[in-house]
Structures are given as C-alpha cells and as structure tokens.
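Listed after this line are the structures, all set down as structure tokens.
Both complexes shown next keep chain A, but they swap its partner, so chain B is in the first and chain C is in the second.
Take a look at the complex of A and B:
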C-alpha cells in the first residue's frame, strides 16, 4: 500500500514517540488476546484425552458429564474432572486454561457465596485476584469485562465518527439553510437529558432480547447522544477548507460534490479529528463503566468494570481486593489509551512539525 | 391490613431492619406553612350533614344495580330503607346481657422494671415527606414512629398469645377499658377508659370515634383506600354516651373482634379544619396522640433529623401492658443516606443501634470476633419471630406459551435450587418457604412441603412436556425447535444475585433463565400489566388471623369473564391487569373454595379450606415458594437493654413494641471502660423461643 508521504511521516513520528507507541502495541495485543479469551480464562478445558479419544470443549456444544463417566447429564465440571484424573492416575488427562473459571460461575468460599481473597493472600487456589460478592472469579470478570468494554468503545468510536463526520461535513459544505436547521436540530437534540433517556429506554425494552442485543441497544443510545460533539469540529473544519483556493480550483475544474468532499476536503480535515479518537475511546470506556456503576449499563450478569467497582465500594473494608482490582484495571486501561492519545496528538500536530527529527 | 406488593423499599427495610428505609426526598422548603396561612375553616356542618345521610350500601345491592338486575328506582327504594351509618342512642339501648371482657388476664410482655430516661440515637435513610398520618406521602417508612407503633388503639392483639379463642385472637386493652362482642347482631360494644386523653389533655370520647369514621370516609383526606375500607367494612357506628359506643360489621368473620378493636381514633378537635386543602394544611402539623410519643414542632429539622419526645404524664404509663414500654425520654432519628456511613457512625457510638439483617453486616462487617463485640461494648441480637411471611418466590405467568403447561411449571419447581440460595447466599440463616401462606399459625398447611431441587425429576417433567433434545448450549428444546427459556423479572436490586444463582443451577436441568433486574416501580408495573414470564417478587402481609386468597388466586382477578356459563374456559377471555393474581390462575374448583372461604365464619372450616387451597395451588405448580426470613437482627451498644426473653412473637422489628430501655449508668461505665481498656462479657443474644422447629 502506498501511503501519502505526509501520512507516512505522521506514522513515523507516532512510532518514534515510544511511550505512546508501546502503549498502542500493548493495547492492540491485549485486545487480540482477549479475543482468544475462551482459551485462557474459562471453566472448560482446552483439550481432554479420555479413554483414547480427544475432546476440545472450548468452542462448540456442551459435553454432558456422562461422556466422561460422571452421573449427571449437565455440562461437565472440568475442574472436578481434572482432580479425578489426577486421583485415578492412568492415561486420561486434560489441559485447563491458566485461569480455570468462567466469569459467571459462583464458587463458594468457606461454604457460602462471599468474597474470597486472592489466592496469594491466603484465598482459595486458582483465584488470582480473589472472588466478588457472589463468589465469581474477579480475574475472569475483569478479563471479559475488558473485552466487552474495549470493543464496545471501538464500535462506539467508529459509529460516532461516521455519523458526526457525515453530518458535520454536510452542514459545513452546503452551509445556508442546511447548516441553519442542522444546527438548531443539534441544539435541541443535545438538550435531551441522556441519563434519563437511558433509564427510560432500559425500563421498557423487553428482557426477551438476548444480552448482545441489549448491549447493541445501549451502544445505539450512547451513539445517538454523542455524535453531536463531533459535528462542531467537522463543520468548522469543512467551512475553512471549502473557502481555500484549492477547493475553489477543484470546483472551477468541474469536480463533482462527491469528489470534492472525499478527495479534497475530508483528507485535509481528518487530521484534527484523528487526534480525538483515543480520547473518545477513553470517554466511551469511562461512560460504560459509569453507567454500569449506576446500574443502567450492561445487563446483568454481563461482566463489567463498573459493576465490580460498585461492588467494591460496598465492600471497602471487608473485601478490599474487589475495588483495588477493578480500580487498577480501569486506571491501567485508561492510562494506556491516554498515552496513545497523547502520541497521536503530537504526531498529527502541524505546529510541532519542525521540532521533530 | 391491605395486601400490598412488597416493594423494594419495604424489602430494604426488611433486610436492613430499622436502618435502611424509604426512598423519599426531603421535605421541600415550599411546604413551610403556619396554620395562620390558611383561612379559618370548620368541618362541623359538613360532618353533621354526613351523619344525617351516609349509609352503608351492601355490596350485593351495588352489584345488582351495576349488572342491571334492578332498576335505579328499585335501588333507591332499597337504599331508603337502609339504616343510617351513624346512630345516636342512649345508654338504655345497650343490651343488658352483654359479656364484657377486658383482656386483663393476659400475660404482660414488657419488663415493668425498665428504666425511664435517656435519648436513643437512631438513623433513618430519608426524611419523612410529611407528618400527616393520612393522605399523600403519609405511607412512608417513618409512619410507624408517628402512628402504627406509637398511637394507641382501642385494644391490641396480644403479641405472643396467638391462640384462637371463641372470639378470635386475644386482645389487651388500650384506649378501651372493656368491650363486648354481640355476634348475633354483628356488633362490638366498646367502653373507653375513663382516663383516656390526648396528649393535649383533651379526653378521648365517643364523639372522637364518630368523627374517626367520618374522617376516614371523607374525600378530603385524599386516601381512597381508607375511604373504601371504612365505608364497606363497617355498617354502623353507634354512640351511647360520652364513653360508650358500638361498631357493627357486615359479617361475622373469625377476626371480627379485631376489626372493631384495632381502630385508632382521631381527635375531632384537632381536625376541625378538615377541608379540601387538608394535605397542605396539615402537612407538618402534629396530631395530638393517644400514645407515648409525640413530635415537638422544634424537633422537625427538615432534611436532617426528627425527634420523638415522651408525652408528659402519659395517661397509660402505669397501666398493665403499657408500663415498662416507651422508655427513652427522646428518640432522635438522624438522616444518614448511606448505609455504610450509618454503620461507621454506629461503631463510633454516635448511634445506639444498627439493623443487621443483611448477612454481610452480621458476618463480615461486624463479626463475632470484632474487638468491640469481644470486649462486650457492642451486643449482637437475633430475634426470631413468628408472623405471616412475605411470599418471596417465583410467580409463573400461566397465560404464557409453554408456561401454560403444568409439566413445565412443575419442572421449574424442581429446577430452582432455593436450598442453595439459602445455604450459600443467605448463609443458612433463612428457611425454605413451603406454601403461599407461611406463618399463619394454624391456618398454615401443617405438612405441605415445597418441591426440592431435583435434576432428574425436573428433566422428567420437561420431557413429558416434549422437551427431550439437549441443544448445543445445554438448554432443552422440543420438536418444534423451541428452547426451554424464560425470563425472571425482579425489582429487587438488593437480591439480584438470587436469580443469578438460580440461573446457573437451572441450566443443569436444561432450563434457561434470562434475568431482568428492573427498577422497583418498573418491575411492579410489568407484573401488574401481566407482561412477565416469571416474576421474582413478594407480597407483604400483615399479622392477620388468616391468609387472603381471593386477591391472588381467584379467577375474577385472572381474566375478564374467565369461564362460560357452562363452566368451560371462555375462549375469548382477556387477561385482567392491575390485580394481584400474578400467576393468572383460573380454576373453577379453586374459585369455589375461595368463595366458601370468604363466606365462612367458622375458623375450623376456614382452616380446612385454606389447606385444601394450598394443596391445589401446590399441585398446579404456578408458584415456586422461595424463602422465609424467620428473624430480625440488630447490634446495640451495651447500655441498650432488652427485657428478659423479648417475648413478642408477632413483632417485625426490634423497635416495634418499644420494650428496650437505656441504662445511663451503664453508658457512663462503658464509655469509661472503653477508654481504660476494661472489658465486659461478650453479649451475643439469640432469642429463639419463637424459632420454628
């Protein structure tokens, strides 16, 4: 792929800002790893060798306990199976993921569902960060909570920009009545209180919707209330670029509206917008966490950072590991995103152009 | 006495005991009103007009008119023949052969040696929105301290003698000196105690009783429930003299005595200004009370605190059943919105008691090993009680596709692991609920047990309903490819982990539960519109003598015209909304039993009918009984003393009967000991004489 030399230069500069660049790599790496989460953090074994046969339970259908000689027909408890194989000796073996818990299962601690401290602080084995108030593994919940949050944030960013850039650009390019009415509509729209809308909508959508659908609805609502901010930047940027000589030249040469917008105006305005991206991602993660904290976010029992934080604040003295894990994870992710954001901004900032290299 | 949905706020109150209470804003400053802001007003003419015209209309007559069986003229003629509701007679009209009783032979339950004095410091989560006792916003969490637990009634049900005698429960006297039941005439005669007076010194008289009925029937109070209750459940009130009156009821049910005796009279002189502006006019006024505590105007610090003060020379302070109670001079309720903060205040000694119903607080935040507990500074108390239990459980909507199949409902019963919830979530503190009417003493079915968690039986019933194939995710499907999947809706944010636990367990039976945790009001609205699959909810119940079935299980509350005249189900019937029949149960046999039950005046017969009803409901499987919280718990500082035994079986909170007292010497001693590092014996008290089995 041949890049525009200017873009190539910006990318080079981005790479040269080590902190941001490595944060970016780390974040990408974590996101990719989270996609393979089922192999790393799961209550299902990765591979089971039983009576000469191979089983790969991770993806696909449940394997009932009877398959492995248990007396129940619901899903096999692979941790029990592992212990049984160990006791029996023999050729049967299985490989569990490094964290052998899924984010939904309640494991009792001292006989009741209550927070268990991390394993290295004297808690039960296997729970690296302990368990939450109903005995669910915190690492598993953080891990899947991160996965949901980061992809939610990315989808949010893409959608917001798509809508924001399109509408902002149209207002700026066509100006006049389009701009006038567009601006008024946006003013009205942005005065609708967001939180109330979320509360109302979530109280009416039926629970028959599956969790992914409900997450998608939340995404749509968030986007609906967030695109307006982007239009202001796009509108002014488009106004400015449209008044430049090269746009006039393109018009004189007979270029169509589409060509002018996509080939001339967009590439020249986009650099301002790009610098906002990481901060939008950070804002999306923060808002989904905040909504979860308030109880209006992801439907239960979806693992989420906000829900863990909420639990943590209620158990500050009795189970400090909940709040510290959730808080540390949130700070870590947001710091990475912010480092990326800083680097992008510096790389795309024309004023600093001469000071680098 | 009304059957109400157990809202999340009552739930919170239940769980957190005295502390965690209502959601309500603080009283707005716009409500600041002095009585002088309102024009003078006198209700007397209107009251006399009402006395001269109001009649109790029998339900039967009203129904006949509504259904067109009689014409308006006939109706008017029949009404004209009815006697007036308010009757004025002379002492000669009192039948001579009445058997007067006064309940004085009952056992006293307070400690007569309790010390008077001191201030109890407690917390409330929200400031009451009004100090009116009826009308808009008056049914908040502070109401018990202004009314229910403090104000006197003519007589009250004895809190631990719950046997049923010839006249129903046993009552100890309050405002009444004595009473007599005349079953043949469905009338209860009551004589007011000669010393009885309001806190402003005005004697309590029969005129106050007449006024009370007028008051509750008046539209001015903006309380439709009271309007309806006091117009339909009583047929007459008769004044004989200054201190003697009688109340007549439309029917003699086993608890008819209680319906007459457990009325709280209202001071007529205080409500003289009753009128259309009643809610605003009386918003922050304090009614003179017959009870031990009142609120002084200067003690209402809006949004911050409200303090009860003991009535000086309370007329009943030395009477049997009332002495040794209501001991602190003052009870100060400070608004603390955050439970965790209130707990810290308690630990610092700024509050004297803290509700500990939540396992988290009892076991983790203030464990028995806590230094203050070990040093004997803080005492922990568990009080087992024996009262009708809120019906926590799963209410299955029978009108839904698949849930109309009995096998699926029974399967769901077997697939819900309540024992695990009780053992692992409630740490074994709760017990399993067995029927829809647990805690009603002899009216509760003696042997019926809820179905236990049983994977085999659940799968067997699901298989009978055609769900035999196991899908890739472990959920059963039928031949039509439908998944065995239902939504559990709940408005209980504090209990949202329970459906999550049930879900994990149900999956083992091939049943999927989706969980919908809504805001309390939204969840209740959904259930009232009958849009739920399965509702995890509870109805609150009052300590009544016998359970109510009509509201929750009669077909009249399930469908409009549930059955055709020949008794077969009406194919065009529509689900009836805004009723408490959450299971949409419509069964002619159950209807027949309920009708017989509601007509019966014989406790024995009613018991048999209630048991039969429970068996039929159990067989239908539309209600999955959940759990019972058989106690309330709290922690108090050492100087808060309770009587030996704490013998109040039907209490629902520690404060309800005001049996405790404050030992000021102990308070000083404890404070000094704490500074000096001196310790006392550990005080962990379990009052389990009313613990079931």
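Take a look at the complex of A and C:
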C-alpha cells in the first residue's frame, strides 16, 4: 500500500507551513505530556526510598502517613516528608515532581492570605504562579485545566462529527423523504435555545452524580446541540459524490449501500472535513471555557480555565496574577489551535488541489 | 506505457460483413416500449410538477456479439437509455428483456447476478474511477463484490486485466490521476470486462479522449469483443465514431428512435430527414462525394414539453399536416432498415 500521492502532497505542504506545523507539534507534545501529568505536577512523590524499601506513590492507592513514620493515617504529605528527610540527613530520600502540588489541595500558609502571590513575587515557595482564592496552586490548575479542555474538545469533535457525518450522509444518500424530514427536523432542533437548555438540565441533575458522570452529561448536551452544522456540509457533499460516475460504476458492479458509502462516498468527502477539525476544537475550548465562566460548565472542583477566569475577574485588583495567567494560557492554546487550523486549511484546500485536473 | 494492441487505423467494422450476426440468433437484449420519465420537482414539498420525457417509448434489440450504435444530439436520451438498462435510472414503462428475463421488473436486490452479465464504460474516466483507490483496488473490486477468489487470486486477476488492456503491471499500485486520459479509459475498460460480461454499455467511451488515441481505444474494444464474444451498446453523439465500430446503428431524437439500419446502409441510404441532417454534418474527406449540407432550423424542443405528433416535425424540412397530429411508428422499409416517418422521402 502506498499513500495516495495527493494526500502525501498535502502533508508535505502542511509540514512546509512552519508556523502551523510547529504549533501542531507543540500541541501534540503538550497533550502527550499532560497525559503523564501526574509525574510532573503532583503532590505525591515520584519515588520514595525509605528504610531500604522503594515506594512509587504516583499511581495507585494512597499511602498513609504511618508508613513513613508519621503519626497520622491519612495520605502522606510528601512535601513534609521531603523536609523531614532533609533534616534527618540519613539514607532516606524522595523525588518530588517539578511542581509539587496537585490541583485540588489548598495549602494553608501561616501569615499569608489567600490567594497567595507567585513565589517570585514574595509568595510561598513552590507556587510558580501563585494560588487561587481557595489556596490551590494556579500552575497545577492551569495544567490540568488544559488537559481537561483539550481532551474534552477532542471527544466533543469526534462525537459531533460522528453524529453529524452519519446523519448528513444518510440524508444525502437516500434523499427524497428522508432528506426532507431530516432537514425540517434539523431546522426545528437548531432553534432550541442552547444556553437555557443547559441551565435547566444542570439544575435538575442530582448532586449525587460523580464528577466524571457530570462531565459526560455536559459533553452529550454540547454534542446534541452541535452536530447539525456538519449535516449541512455532509448532505451536499454526499449528494454530489453520489451523482458522480465512480459511484454509478460501483452500483453497476453490484456494490451494496454499505460499500458505496464507506468505500466510495466517505473517503471522498472526509478529506475536506479534516480542514474543519481545528476550528471545531477551538470552538469547543472556547465554549467550555465560557460555560465554566458562567458556572454551567465542568462541575467543581474540576480544574478549568473558565473557572480561573471567573475568579480572576472577581479579584482583578487584589490578585491580578490569577486572571493574567489564566488569560495568557487560554490565548496561548487558542492561538496554537488556530495556527494549526490555518495551516491545515491552506494545505488541504480543495480549491488548490483538485483531485481531477 | 501504452502498448497499442493493434495498428493505428481503426478496423473498419462495417466492411466485415461476415461478422454481422445472423438475425436467427435469439437476441441477447430486447427492449420493448422503454420509457424513462423524470419527475420535474418544485415547491416546498418537492412534488412532481411535470415530467421530463428523456426516453419516450423505444424498441431496440442487440444480438450476441453485435455492436449496436446509438447516436443523437446531446440531451436526446442516449445515456438515459443506457442507464435504464443497468438500472442506474428506473424505467417508467416498458420491458428490458435480457436473456429472456425482464430486468425492468426484477427488484434491485436481486439484480446482483445480472450485474455480472452487463457492465458499463463511462464517458469520462477521470470521473468514473475513484481517485482514492489504486488501480489494483479498482480492478479487484468487482471480484470482492461478487465474492470471487481470495486476495491473491484477485491481485493476479487485476494484473491480468491490466495486461489485457495494454497496461503494465507497474500500473497496479498507482492512482488513476497519475495516468493519461487514454490510459484511464483502459482502466475503465479493464474494470468493465473483469467479470466477463456478455453486454457492455459504452457511453461515449472515446469522446473525452484526444482524437489521436480514440482509435487505439476503439481498437481495444474491437479486440476484446472478438476475444470475449461481447455485445456492445455503443453510444456516441456523432455518426463518424460509430461507423467504425457498429454493426447496426440506431438514431435517436428527443427520446425516440427515428431510424435503425445496418451501419453501411445508414451511411449509403439515410431515409429519415434527421439522419440525413446528421450525416451531412460529417466532414467528407472526398470532395467529389460532397453531400449537400442540411442545416436544421430551430432548436431541439424540450423533453419536458415535447411536441405532439412526430417529435421531429418542428424542424423537419418536409413537414406535412399529418406530422403535426400523428406520431409515426418505426416501419420496415427494406430488410433490416426501419424508419419512423410517414413518408418515403
């Protein structure tokens, strides 16, 4: 099997657009790093060497303080443990992640009011970007907030496209009544006001639902209100491809509906869809941030950029580091995604590379 | 890349009278009163407002091993006729008898076995080959669809087919757009013969090609016909191309057949005024035999609102009162020559 030379050409072109390509690599790198986030930004040590035994607390159950000779049986505070080992000066040692805080803990400091300023502005040691109003490390919040946002946006994109492509393709392929009713239903559906629906649904979800379940419900609601856009494109694209002679040739050979859709029509329509993906991802990040900002997004205490922005606007004068770091992070991510989107569009633009000369 | 399977000049088919099949054979395909009307839709509920009579009651027969040429101006319903035979469009009325079975009535799902017997070659090979598939994929697809052989067998078949249409095995892993127009059409032909059909609908298979390679492709079609005993319905919009390849020629005008005769005969002795006009438009290389150019007045009427009576009466130089009222049926004038005209002109 050989890569379709047209695809290869597009990929070469994409790589040659430096800004977009590097943004793409950076985004992929950041996403991969964020998957290993527990090793980089965490309150648990990566390894502990204690009394001749090895411990790897990062993943798995909590290790009670008593294991390491503390007098409490809740989770060990590894930062305290590190300080103790240093004082003792024995063979025991541990390795903390570069940022030694998790996004949920609120660390109290004597004589420092929350929110604490960044360490280089006279705040407590270790908090690179300071803490938020409840004393949680902002870097950790941003880091995990990025992870949640990017993977939420990717899941959103996949689901939206799956639904939109399927329904649009069926409408275009079967045409006639299917298409007619589909279109009318979509018109009605897309007139339901999204924000009110979200508010209503969120007010009736019982608080007993766990955070992942609530995130999933939010995802489903967002997808339900977003798939219609893709059907417009898919419907016309399917109509167009279905009327072309290669589809006719497949029918004359005896190909069934499934083969025609999956082997012929979809491969010819999806190449354009690639160019929409970055913009959908950007839109998803924007809308999840906006929802969080309004308080109808990811359930607390999920780390989120929108939630930090909200805090930041309330403490604009007293703690400017909150809003500035959250804002900078959001702009940074959206800029990267947009650069990728521009490059993809330029490289894959079907007007530039027609399949048939 | 192209190894021309034959000499450069196309074999003049019509001179090989020995190959003209005897009419004693049972016809391979017999079309009776075929009509294809497309609904013309309008309004928000897309209700049919009128109908476009693309094919308006035609009779045709094709015998085994025979080539029937079908000619006519753009929009007269040639492609629609071809598409109706392979059920790319649904016939509105009439019978399409293939080896005794009426294809017009078989439910779509049960057509699959018949698909092996009737194939189609399209006008523009750039459109009829999926640009996402390699040539090998394209040629293996017929076997996959009909569940023939394993991957190894299909690959072998694909390479054989390529060789058969004059391409090298190196073509297999390339994509259609990496070939020239003539080579692409060879790939289209290879796909059409993959399942060893009996009948191939050739819808203007050379009109998208350079004149210089048209004859090579026509020769390939003739060679394949001889080797495989194929029958062709050869659609073209001018009589010049059809002359070389056809045994018989049918002339179509506005959804109707106006004249059918042997390829030689129709050139020598055209009887329908429309056929005469078409023939007079062919450039004649021999100046002494120059025909008088007949220029038709007016435009082809719309198939949505065809004229009553003879479909050609609005443009016919010999139009009479009867022509405006009564539609002439095809009638036999001499053996094997049928004309749809009220008069012996």
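By our rule, the second predicted complex is superposed on the first by the 345 of 357 C-alpha atoms of A that agree within 3 Å, B and C clash if a C-alpha of one lies under 4 Å from a C-alpha of the other, contacts with A are read in each partner's own complex, and residues count from 1 in each chain.
Operating definition for what follows: contacts are C-beta pairs under 8 Å (C-beta built on N, C-alpha and C of every residue); 3 or more make two chains touch, one makes a residue touch a chain.
The structure displayed is predicted, hence computed values, not measured ones.
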Fit or clash between chain C and chain B when superposed on chain A: fit
Chain A as apex of chain B and chain C, Cα-centre angle in degrees (nearest 10): 130
Partner chain(s) touched by A:89 [first = chain B, second = chain C, both, neither]: neither
Contacts of A:64 with chain B and chain C, given as first, second, both or neither: first
Touching partner for A:317 - first (chain B), second (chain C), both, neither: first
First (chain B), second (chain C), both or neither touched by A:52: neither
More chain A residues in contact - chain B or chain C: B
Touching partner for A:251 - first (chain B), second (chain C), both, neither: second
Lowest C-alpha to C-alpha distance for chain C against chain B (Å): 40
Residue ranges of chain B touching chain A (in the complex, touch as defined): 340, 359-360, 363-365, 423-425, 427-428, 455, 459, 470-474, 487, 489, 493, 496-497, 500-501, 503-504, 507-510, 514-519, 522
Chain C-touching residues of chain A, taken from the complex the two chains share: 1-2, 4-6, 180, 244-246, 248-256, 259, 263-264, 267-268, 355-357
Interface residues, chain A side, partner chain B - complex: 60-62, 64, 72-75, 104-106, 108, 111-114, 133-135, 199, 203, 206-208, 210, 295, 299-301, 314-319
Chain C residues within the chain A interface of the complex: 45-46, 83, 86, 88, 111-112, 115-116, 118-120, 122-124, 126-134, 141-142, 145-146, 173, 175, 177-178, 188, 191, 195
